[in-house]
Structure formats: structure tokens, C-alpha cells
Amino acid sequence: MVKVGIVGAGRIGRVHITSIATRVPDARIKTVADPFITRETEEWAKTMGVEHTTKDYHEIINDPEISAVLICSSTDTHSQISLEAIRAGKHVFCEKPVDHDVKKIMEVVKALEGTKLKYQVGFNRRFDHNFEALQKTVAEGKIGKTEIIKITSRDPEPPSADYVKVSGGLFLDMTIHDFDMVRFLADCDAEEVYVQSANLVDPAIGEAGDVDTAIITLKMENGALAVIDNSRRAVYGYDQRAEVFGSMGMAAVSNDNQSTVQISNSEGITGEKPLFFFLERYMDAYGKEISEFIDAIVNDKETPLGIEDGLKPVLMGLAAQKSSQEHRPVRISEIMSEEGL
Amino acid sequence: MVKVGIVGAGRIGRVHITSIATRVPDARIKTVADPFITRETEEWAKTMGVEHTTKDYHEIINDPEISAVLICSSTDTHSQISLEAIRAGKHVFCEKPVDHDVKKIMEVVKALEGTKLKYQVGFNRRFDHNFEALQKTVAEGKIGKTEIIKITSRDPEPPSADYVKVSGGLFLDMTIHDFDMVRFLADCDAEEVYVQSANLVDPAIGEAGDVDTAIITLKMENGALAVIDNSRRAVYGYDQRAEVFGSMGMAAVSNDNQSTVQISNSEGITGEKPLFFFLERYMDAYGKEISEFIDAIVNDKETPLGIEDGLKPVLMGLAAQKSSQEHRPVRISEIMSEEGL
Amino acid sequence: MVKVGIVGAGRIGRVHITSIATRVPDARIKTVADPFITRETEEWAKTMGVEHTTKDYHEIINDPEISAVLICSSTDTHSQISLEAIRAGKHVFCEKPVDHDVKKIMEVVKALEGTKLKYQVGFNRRFDHNFEALQKTVAEGKIGKTEIIKITSRDPEPPSADYVKVSGGLFLDMTIHDFDMVRFLADCDAEEVYVQSANLVDPAIGEAGDVDTAIITLKMENGALAVIDNSRRAVYGYDQRAEVFGSMGMAAVSNDNQSTVQISNSEGITGEKPLFFFLERYMDAYGKEISEFIDAIVNDKETPLGIEDGLKPVLMGLAAQKSSQEHRPVRISEIMSEEGL
Amino acid sequence: MVKVGIVGAGRIGRVHITSIATRVPDARIKTVADPFITRETEEWAKTMGVEHTTKDYHEIINDPEISAVLICSSTDTHSQISLEAIRAGKHVFCEKPVDHDVKKIMEVVKALEGTKLKYQVGFNRRFDHNFEALQKTVAEGKIGKTEIIKITSRDPEPPSADYVKVSGGLFLDMTIHDFDMVRFLADCDAEEVYVQSANLVDPAIGEAGDVDTAIITLKMENGALAVIDNSRRAVYGYDQRAEVFGSMGMAAVSNDNQSTVQISNSEGITGEKPLFFFLERYMDAYGKEISEFIDAIVNDKETPLGIEDGLKPVLMGLAAQKSSQEHRPVRISEIMSEEGL
């Protein structure tokens, strides 16, 4: 039985509390820490079997009974709490991104060196039933050698300008999931990134210094080309599709719906919109990623996504930012040089 | 070059004129006969290469240059004109049904005996790209031994009560196409028919003594079960689907659309309605059936649908009428006995 | 907090144990009773929070702390245990069917009279996301007045002949779910049933006195026609679809898949088979039905399916058996007369 | 009645001969010219109603009875024969591209100035039922303001290296159709092009100095972003899809199939591959473009695609070539400057 501490009781923290309570029999949540935890959340946590709640996450770090920490706090605290947890000898599951600053991620890399601690980054989409089936199809060679990867990733509604300002921008906040996905599907890293982007959805996003619409072209190390298209607003809902094209065929996945109902009437034949947003679409995936993290601890396996899987999409995101600003293709190696890697 | 005469210049007559003019290079239309032909139709026929128009179909029967007659006049004239054409030594393509009266069909059967004349009945749906592909799939054994056949056949809008009165009723007018289809897909005849029917669409149809909604269950000679569902009104358009289920799988065909366009918006994901009605859905099939008729003449082959294919669906229709009236399953052999076959 | 006892720890019993443990926070399982319970199941039950296991279900009936009983034992014990539980003042959730014998169901009806006890029958498919969405669409009037209902229900593989012998036969064992579904979708009862059936899948089923393939036509009290097609073996998996056609359109639901992945290659474009069988397809539905049962108790609501919903499909099944044997349409009222209702 | 001369009796020339013969009643083909015309083609042409065949296209240019010329000869002759036909006072339909050399296209532009002659370029895909429906949907404002356009365009099999050498390369030979399509869907011109391309399909194509796989990103004048992905080999057939995403939704079109048949078996659920190649997919579109050309002449309308629609995709193709070579985004204005426009 793995005793777990969870830092952060916001939306994602509560998702993980629910997953562990209902579908991870090998883990128990000892403590949930959140400086702004409400009475309501505390009471709900108890019904979920959480033993203890606190405002101070150091209670988790300092608790010798707790062997694994889930970091679900705000992004700017991820790398610091990761370091503290690792130094206290705890396994870590950290929500994405580990940090926007490569140097801080590298500190986590170094802290892990020589330890036997498990570290997993929260790129939940790899555990989605559709993307998992797509990756498996490609990995089994069913479409031959991969030549083109296409990812569509569109949010149902734009974030507030306030959020945009602290988010790290489209590429580190939203596209970062797609950068992880392209690595997952291609089974290799990107060599180069080119961005064509625009502010078409909400002028406030442009005023906050960000873009909301983008087409990102990538050259992968295995020679395949890839393209991601992003929008902050798809009025028909959360649009999360991918297609991998190769020498022997194509594999593609589409969205999930609440039901398969189709209505035929004088207007046409109408099916449902995709599931609204990430909580609806990826609830199962969130459960699976935590199950695999606990499984890695219990059975001493590698986690499915290590710290390097936290680092690489950030490098891609920084290359995308630079491409967008300087309006030219940018190589990942250029970003690595700048960062002294 | 086969010289053709066409009796009837109504909707279906004009379809066949167009087909021959544009896609049957081995045939030429010498004469079109219709007692009510308009000046407008006459002029249009000329642009389609028709040499001559007349009000009297005997000009066709008596013309030694004409070797093939297409009978597209009203149903009550089909068997009589068939007989005259056969006796004049002409090949005949006859629109469905040959007659509602089995005895009159049997006269045509007898007239054909001992001749080398080609006779084809106009069950156009066998030539539809979807039903053709479905039949081929089944015939090639891809779904194993056939166990269940399901046919959905719904018109977009009900006929007038006046038409209903002279139509022979739902089973001889509309379901007759589906009776042919079930024979085509099963590759055998029906043994027994049971009908559950109702007047749900238009009370005027009920007042005219007919039904407009029906579920027809059949037992086929090869042991398979079949079911047809009919409605005189599908507000979303002409609904023509079929499914064949067998020991090794299932094959199914759906409707055709004008385009594949799909619109995703805040209401859902909407595709087009099926093509409106038989002229839209089966235009190609009408062309193909005539090509095959001419091909049978030119190359001395059997026609794809002989006179027995005109007879059998009428027997099934009569069994259906009796089942509907007497509210019990009716065997085809019972109808045959009654008709002295 | 509702304290629950579960009678039967077979496949369905374990499904309900899991559901209550992981998704019904308002219920706790005090006791699980099964005369053949294994050590393995006992241990697993403990990890699911079950307090106590026993071979004797009377421990549940006699336990004043337990207020609700889930009956998941073999069919022939359902009505008897229902009676005992009701007499002990307990709410009852009973797996389908309550009994094959109408008289025994009527005893349960009578036992419930005058009590405030909740009784729910386990027709799980009503809680499936697809059928729920379909029923809602129809109930909201989106397709107008219902005219035709079509249900396809095919199992992936036939049961053993041994099972068939004690099952009550196709109509009471398998079609009974579809009889419930047609009542759910039509929102009324059936008036008449006609069956065309055959033994096409496995000769052993025929030798056991049963059929394995059937087309069942129904006339509903609201005038709509309905048709169910059943097969004991669809090699492509569990096929559970429905279509409701009405004066203003059609609503239809198709199967669920493990993922949306589609592979395009030189053979064609291939998607996944439907989820294999009822445990895969209806796992969520099983959870929902138990949640609603507990909710009915906690909040003193009507259960979504009462004892009459257990009775009616049995009457339809008996009518179907009679129709199959006597080869004629059979009215429900005829069965009711025979049963003295 | 428009008398037409056709220059070139290769694959596309024969397509146009068939279209005019079977579906353009207002036009008649007087002469077909081809220096390599075979006896077989001559005989076939006669059955199609062609009055005369010759090896010398000047017979067409010099024939005062012929008022319209269709240029279906090899690409390097398009602009020269266009000039000769215009100077002889004839309307011109010219297969794509008018020329690879902008200066030669500009000569045609100038030759047309001040005349009332019709000139149409053969971008047939605009007349495809799917793309036509998509463009109409967008033009009617159903998806709001366009933000992202995605075009997938993949050939079923790569051309020979010999063809590649004279083809003008991927961007002027194959992508040029997609450049036209993006202008059609966006209803404006492109501002900038960026290409990421590779030689992944056939090394012989690389040795011939060309690429066979590409992702082309465009910025359109209306602010929308666009992306085209091309491959010279999709083993599953001709893949021609498009998607337009906007502020109020998305519209998308998929491929056409020979039939809707779907086979469900133990392997999965399999539908047909897309229609094999352009002759299968676009046969109707070829007929429609010629009908519209003749209609423009007969009714003195503008042709749906003028000479500027021949010029613009070539500018885009040249920008794409430069982007591919210099590995940077290239503005259309830069190409125009170089060409003195």
C-alpha cells in the first residue's frame, strides 16, 4: 500500500483524489495540502478517504509515512516542490509543465540522478483510449514507416486574459500537450519547429502578448514531418484528433461523444458535439496515469513518462516561441545551446 | 445498333430516353409513343436524338426496324403491350410490375416460351452501386451463410390518395421493390410472409383502403429470416438501406448524399440528408439496367432479370396483402395454389 | 448511509459489489451471501470494503441493520428471496427476470402492496448512455409521433446447450431485455407479438428445444409498430443498436468501441469491432442503475423500474413463446387471461 | 450551338471529349488535333460525334467555324496555343497550369485585355460536389469568419522519375491544385508560404531533384492560416479532403467511395477505400467545368476561373519552391517583385 500526499486541491488535485479513491486500490491518500483549501473541499476529501488536510505542504514533505507526492499546485511551484520531495526521498508525480525555465527542470534532473526514485510528468493524453490505440497501431508497424503526423488540438473556449498572462503563452500552456503527443506518436524527438500564428479569437489575448491560433510544423528526428493546429476556441467543443500517415497506410482517431445518438430530420443528420473539455474527455486517462505511477512504485518499473519527457516539450515550446517571434524555423539544438545543454 | 421504341414519355420514360441518349452507344431511339405527349416533350426528345414521336404505340409495334420496346406506360397496360410486342417479335424491357394480376403475367410467360426474345423487368435497385456491392459481398461468401436480411425502405413523402387507389396498394406498389431486393440478396425465393401494418402517416390513405406503415417478416427458402420496414413518409428523405447478417459477419449499405460535407457547430455535427427520392438516388442505376438490357440483346446473353423475376415479387405482394387482411402468416405456395400455379 | 446485503457473488454480483464500492458513496455493503463463495472471492470482497461474507443469505434477511438487498442469485430463487426480503421490510433490487412464472411475480406484487418499500428490476440497458440518450430524444418529441421502433440485439457467441435448457429459452432469457427496451422507447406496452424464429447458429440449441435466431414483430398500444432481431452469434461482437422512426424524423444509436481508431490501408478503411459483450458494453450502466436504486431509497423517490416493469416483459416473452410454437400472432391480453390477470 | 476544337487527345482530352458528347448539349466538337493521335482514338472519337481529327492543331486555330478551343496538350504548349487561339478570336479553356513561367502567363493576360473572349483555367476540383458544397457552406457564413483551412491531398502512387523531371516539381505539378483550392475556400489570395518538405516515398524522386512529401503553411490575406499536406503515395488511394474552421464552427469534406458497403467481421468493421485516382474521383467535376465554360460563352457570363486564377497558384508554387530551397517563409509579394509584377 503506497501512502500518498497531494499538493494542491484545485481542479486537477480533486481529479487525482477521486481517481485514487475509486480506482487505485494500491494507494491511500494520507494528506492533501493546499494553502487555500476550503471547508467544503476538506469535507468532500474525507468522503473520499483522505485522512488529513492541511494548508502547509511541508507536512507532506516531512511525513516519513508518505512515500509518494502528487504535485498539482500552480505551475511556478512545480520544480521547487519536486526538488523538496526528491530530497526527502519521495517518488513524485508532477503535473505538466515541470517548469517554463529549462534551468529549473535541469535541477530536478540532477536531483534525481543516482536515486531510485520514480518521477512522472502529467501528460495525461498518452493514457487516453484513443491516443493509446493510435500509438499502439503505429508502434506495431501497421502503417509502415511514419511520414506525416497531424494533430488537431482546439479548446472549446478561450481562457481569460489574466490567465493568459501567467500561462507561459499558447506554446508552453496549450501546445505543450501536443508537443508531447507528437513525440509519443513519432517515438522520437523533434529537430526543428516553425510557427505561423495569429490572434484571431480574442483581441484581449493579443493585448496580453499572446496568440490564440497557430499552425506548427515540425521536422522529426526520424525524418517524418508533423503539423499541429491549435485554436483557443472551437464552438463545437474540445477538438482532439490525430492522424498518422505512413508508407503502408494511415491511422486516425477522432473525438469522443456522450452518446452515439444521431437524429435525422428535415435539417439533416445530426450527431453530438465532442465531449466538452478535458475533464470530460480525459477523466479515464487521468485515472490511468495515476494507476501506472503507483504501479511503477509498487512493482519497481520505469514510469511511462520520466523527467526527460517533461523537459523535451518545454524545449519545443521555447523553439516555437522563438519561431513565432523571429518568423523563421528554429532548431531544437539552437535552444539547447542557448540553455547550455 | 439496336433500334428502340419507347412506350410512355412520363417521368420514367424520360429517364430512359436520357440514359439511352447519353450512355448506351449501342442503341438508338427511333420512336417514342405517348397518347398525352406534349409539344415540349417532343422538342426535348429531339435534342436527345429521338427520331420520331407519336401518340399511338402501335407505330412501334408495327415498325419492323424496331427490335426492342421499352414499356414505361401506366401499370395496367404493361402486360397487354408486352404481349403485343412479343408477338411482333420484339425484345421487351418492362417497367415494374408486369401486372398486378398473376394470370396476365402468366400469359406473358407463355408468349415468351419457345422464342429467343429477351425480356427484362425494371427492378432498377439491383443496379444501384450500393445494393450491387452488397449482393456481391454476400454472394462471394464474405459473411458466410446468410441468417438475417433487413431492408429499410421509406419514401420521403406520401402519394396522393388518388394515386393510392390505383396503385395496387403498398405491397404491390412500394414493397414490391423490396420483395425483389430480398430475393436478390438471399439468392432464393420466399416461403412465407407475415405483415404487421398500420395507417399512421395520412388518414386519406387509410380511407382509400391502404396502409402506409408496415413491417413485413419473411422466411426464405434457404432458411434465412428477413424483415422489411416501410413507411410512406420519412421527413429526412428517401431512406434505402439494407443489412445482411450471416455466420461469418455482417454487410450493410447506407444512403447516398449529395456531398460529404459535415458542419460542426454549437448544435452538433450535421451531415446532409439522403438524396431526396428515386430519381436522385437511382439515376445511375436506371442507366445501368438499360445498358445491360441492350447488352443482352447485342451479345445474346440472358437479361439480368427475366419474366420470373417479374412474377415472384407479385406473388409475395399478394401474400402480404392476404397476411395484412387475415392477420396471419401466409405461405407463397398458398397464393400459387389459388392462382393455379 | 444505506447498508446493503448482496445475495449471489457470481459475475453480476461482483459487478454490483464493484459499483457500490467505487461509485455509490451513499451505500455500504455489509454482507455478501453465496452458498458457493470461494476464498478468493471473499478476499477480493474485503478489498472492496465488504464487511462480512457468508454462505447463508438468511443472515442478510435477518440482519436489522441491512435495509436493502440486491438479489443476484440464480433466476429460480429471485421471487422467493424477493418475498423474504420484502417481508423482512427491506428494499429490493432484483436481477432480471423476477421469475419465468407470472404467478410468482404476482406474489411479489402483492407482497409490495401497502408497503413503502422500493423495488427495482435489473434491466440495466435503460441506463446505458446510448439508449438513455435515444429515449430522451424520443420523449422530448424530437422525432414527432413514434411510428416504427427497431432493435437489433445479437450476442457475440452462443451459450452452451446446458445453459439454454435452464435459461427459459431465447425469449425469456435474451429477448426479455429487448422487450423492456421497446417498452422504454415506446413509453407504452405491447398489444401483440409475432415471432418468426429458427435454429441456425448451433444445432445443439435446437436439440435443447430452443431457437437462436428470431425476428419479433410487435404492435404497441400507442399504435407504433416495432421489430426486434436477435441472434445468439454475431462474430463481430455484441451488437446492440436501436432506431426510432417518427412523423418528424428518426433517432438511432449504434455500438460502442474501445477506441475511434481507423486504419486506412490497401484493404480498405477499418475501425474496431463493438465492445465484446455485456460486461464491457454496460459496465457504466450497471453502476448507474445501482446509484439510482440507492438514490430512490435515500431520497424516497420511485425507482426507475418497478415490479410491473419486471412483469410486463415476462408477459411479452410468454406471448413470443406461444407465437413461435403456434405460428400466429398472439395478443398480450390472451396471455393475461390465461394467467388470470 | 458552340463549335469546339480540342487540342490534345491524351487522357484529359478524351475526358473532355466524352463530357461534351454526353452532357453538354450546347456544344459540338468539330475537330480534335493531336500530333500522336492513334487510329483507335480517331475511331472512338467518331462514335463520340467528333466530326474531324487531325495531327495539326493549326486546323483548329484557322477554322472560322470554331469559336472555342480546349487546350489539353502538354504543359509547355499551353501558353503558346492560348496566345494563338486568342489572337484568332477564340474562347479558350486551358488545362492547368497555363505555364510554369510567369512571363508567359502575363503574355496571355495581355492578349486577353480589351477582348471579350472567355478564358477558363482547368482547376477541376472547384467543380467537385464535395468541395463545391464546402465552399458554399463557408461563403454562406455558416462557420463564421474563417480562421484555419486544412487541405489533405495525397496521390495513390508516385509518378515516374521521368515525369517528375518535366513536371515542374511537386509544388507546380501537384500542390498547384491545392493552392487553387485554398484560394477558392478562403476567397482571397495568400500572403506568405512556408514549406517543410522531404523525399520519403521514392529515392528516384529525390535524385530527380524533387520532394514527394510536404507540409505547406500559408498566411492568407484575410488573416486566416492554412495548411496543405501532400504525399505522392497513399496506399489506400486518392486522399482529397478539406476542413475549414471558423469563429462559428467547422465544415469538412471527406473522400468518395464506390459504395457505402461496410463489412463487420472478426477483424473489425471495414469500408471501402477512396476512389482510386482523379479520373474516378473527379469525372463529374470535369463535366461540370466544361458545361460552365460553354455556358459562359452562350450566355456571355464570366468564366468561373479566369486567367488570374491561372496566374496566382503559379506564384504560390514559385514561393513554395523558394521556401523549400531557402528554408524560410517567402512572401508572394517577393515573387511578384522578382517577376516585375
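Descriptive notes on the structure:
By written order: A, B, C and D. Residues from 1 in each chain.
Criterion: contacts are C-beta pairs under 8 Å (C-beta built on N, C-alpha and C of every residue); 3 or more make two chains touch, one makes a residue touch a chain.
Quick caveat, the model's predicted, so the values are computed rather than measured.
Both chain B and chain D derive from one sequence, and where they touch, over half of the residue numbers involved are common to the two copies.
The chain with its CA mean position farthest from that of chain B is A.
Separating the CA-averaged centres of chain B and chain D is a span of 40 Å. Per-chain CA centroids place chain B at a distance of 42 Å from chain C. With centres defined as mean CA coordinates, chain D is found 58 Å away from chain C. Contact with two or more other chains is made by residues 234-236, 248-250, 264-266, 272 of chain D.
Residues 234-236, 264-273 of chain D are the ones that touch chain C when the two sit in their complex. Residues 22-23, 25, 47, 129-130, 132-134, 137, 142-143, 248-256, 258-266, 272 of chain A are the ones touching chain C in the complex. Every residue of chain A that touches chain D in the complex is listed here, in rising order: 145, 147-148, 150, 154, 192, 194, 196-198, 200-201, 213-215, 217-219, 223-227, 229, 231, 233-236, 239, 245, 247-250, 327-329.
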